[in-house]
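Both complexes below contain chain A, partnered by chain B and then by chain C.
After this line comes the complex of A and B, so read on.
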């Protein structure tokens, strides 16, 4: 039945977006995670990616979380001589996480999640309508 | 001839199958709304005159037990079409969520119309049978 397939396809979208939310939550939670000492690097921002694949069972192109890569941009450096992770000049490396960017990403994930939920609701209503023919 | 083979019912059935397939394509679009390089698709509107011909065409009658049942009633295969994108993002994605939501709502209404017509037609047959 095609309707069930529609629901399954939308469910893959839900799964992909919730995986993305997990990565965003990780980034925001670690926005201030510095390293223990000056020799090691602090937390590096992680970037989720999406991949399309053809599901033979569903006969449709579904979406899934691709590889989670790390953001290679420079760390933010702040001068805090008293910090345990400060180097000789008193500079501390902070993670390359920009909370504003993460918040925007989060809104986008939320919007997409809601759109997928909408598809499921609409499809369910259509199934219910079809079943109602029996009652006529 | 069973009830489901009546032209009206078979037409409505085709319509519902079309809407069902379209819903699947729209679900695909929404699921891949953020995938780089994904191009949205939509179902081509069925050719009404051809559908009507198929539904009301003359069929061969098996007059002898040796006759094979004809398969003139071909299953309509619907063609997927690349929908005209409103915009294509730099990542190569052409899905616009607003547009998809609108299409889904429209699909839902159309489906509701088809099912309502179906149950109405069933009601017609029931009154012809003389049952309340």
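After this line comes the complex of A and C, so read on.
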């Protein structure tokens, strides 16, 4: 039934957005993680990607989480001579996570999730209204 | 007392016309509606079992919440449709039973 298919398609959107939320949570949680010493790199920001695929069972185009890649941009360097991970000049490498950018991404994930929830709610309402005809 | 006999004959004729069979052939034939209801119930039972399995997995922290929601929605649609069809059929049957002969 087409109605159930739209619910399942919206569900793949929910799954994709919850996966994205997980990656954003990792980024925000690790925003201040430094490396154990100056020789190693700290946490590198991770960027989720979405892939379109054709679901054979559903006969529809659905979305899924693609590969999670790392952000190659430079680390934030702060001068903190007393820090355990500081190098000879007293510089400490912090992750290339910008909490502000992550917050905006999180809002977008939230909005996309809600949009998919609205699709499910509207579809369910359409089904319920159709079944009501039988009862009348 | 001729009217009831005429009416009964007319009903029998309508039934024959609708089924395309004579009353004697009708006895060893299963009902179309009960067969349909049985199939729908079997389908519903399997859907309900799937839903239960997903709900249990989610309660154990292993399943996905989205899976539970979609399974519940699917079962709900099946149940609502079946219940509505059954109610309509029973209503139609009662109406026929109330018919003065």
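Here are some notes:
The rule is simple: the second predicted complex is superposed on the first by the 136 of 136 C-alpha atoms of A that agree within 3 Å, B and C clash if a C-alpha of one lies under 4 Å from a C-alpha of the other, contacts with A are read in each partner's own complex, and residues count from 1 in each chain.
By definition in this document, contacts are C-beta pairs under 8 Å (C-beta built on N, C-alpha and C of every residue); 3 or more make two chains touch, one makes a residue touch a chain.
The structure displayed is predicted, hence computed values, not measured ones.
In the three-chain model built by superposing on chain A, chain B fits alongside chain C with no clash. In the superposed model, A:18 lies in contact with chain C only, and not with chain B. By the touch criterion defined above, A:3 lies against chain B and chain C together after alignment on the C-alpha atoms of chain A.
In the superposed pair of complexes, A:37 makes contact with neither chain B nor chain C. When the two complexes are overlaid on their common chain A, residue A:63 makes contact with chain B while staying clear of chain C. Of the two partner chains placed around the shared chain by superposition, chain B is the only one that A:51 touches, whereas chain C remains out of contact. Once the two structures are superposed, chain B and chain C can be ranked by residues of chain A touched, with B on top.
When the shared chain is aligned, no partner comes close enough to touch A:73: not chain B, not chain C.
In the superposition on chain A, contact is made by A:124 with chain C only, not with chain B.
Between chain B and chain C, the shortest distance over C-alpha atoms in the superposed arrangement works out to 8 Å. Across the superposed pair, chain B and chain C both touch chain A at residues 1, 3, 7, 135. Here chain C touches chain A in the complex through residues 64, 66-67, 69-70, 73-74, 77, 80-81, 84-85, 87-88, going by the rule given at the top.
Note for the complex: chain A touches chain B at residues 1-3, 5-7, 9-10, 12-13, 16-17, 49-52, 60-63, 108, 111-112, 115-116, 118-119, 122-123, 125-126, 129-130, 132-133, 135-136.
Interface of chain A with chain C (complex): residues 1, 3-4, 7-8, 11, 14-15, 18, 120, 124, 127-128, 131, 134-135. The touching residues of chain B, when paired with chain A in their complex, are 16-17, 19-21, 23-24, 26-28, 30-38, 97, 100-101, 104-105, 107-108, 111-112, 115, 118-120, 122-123.
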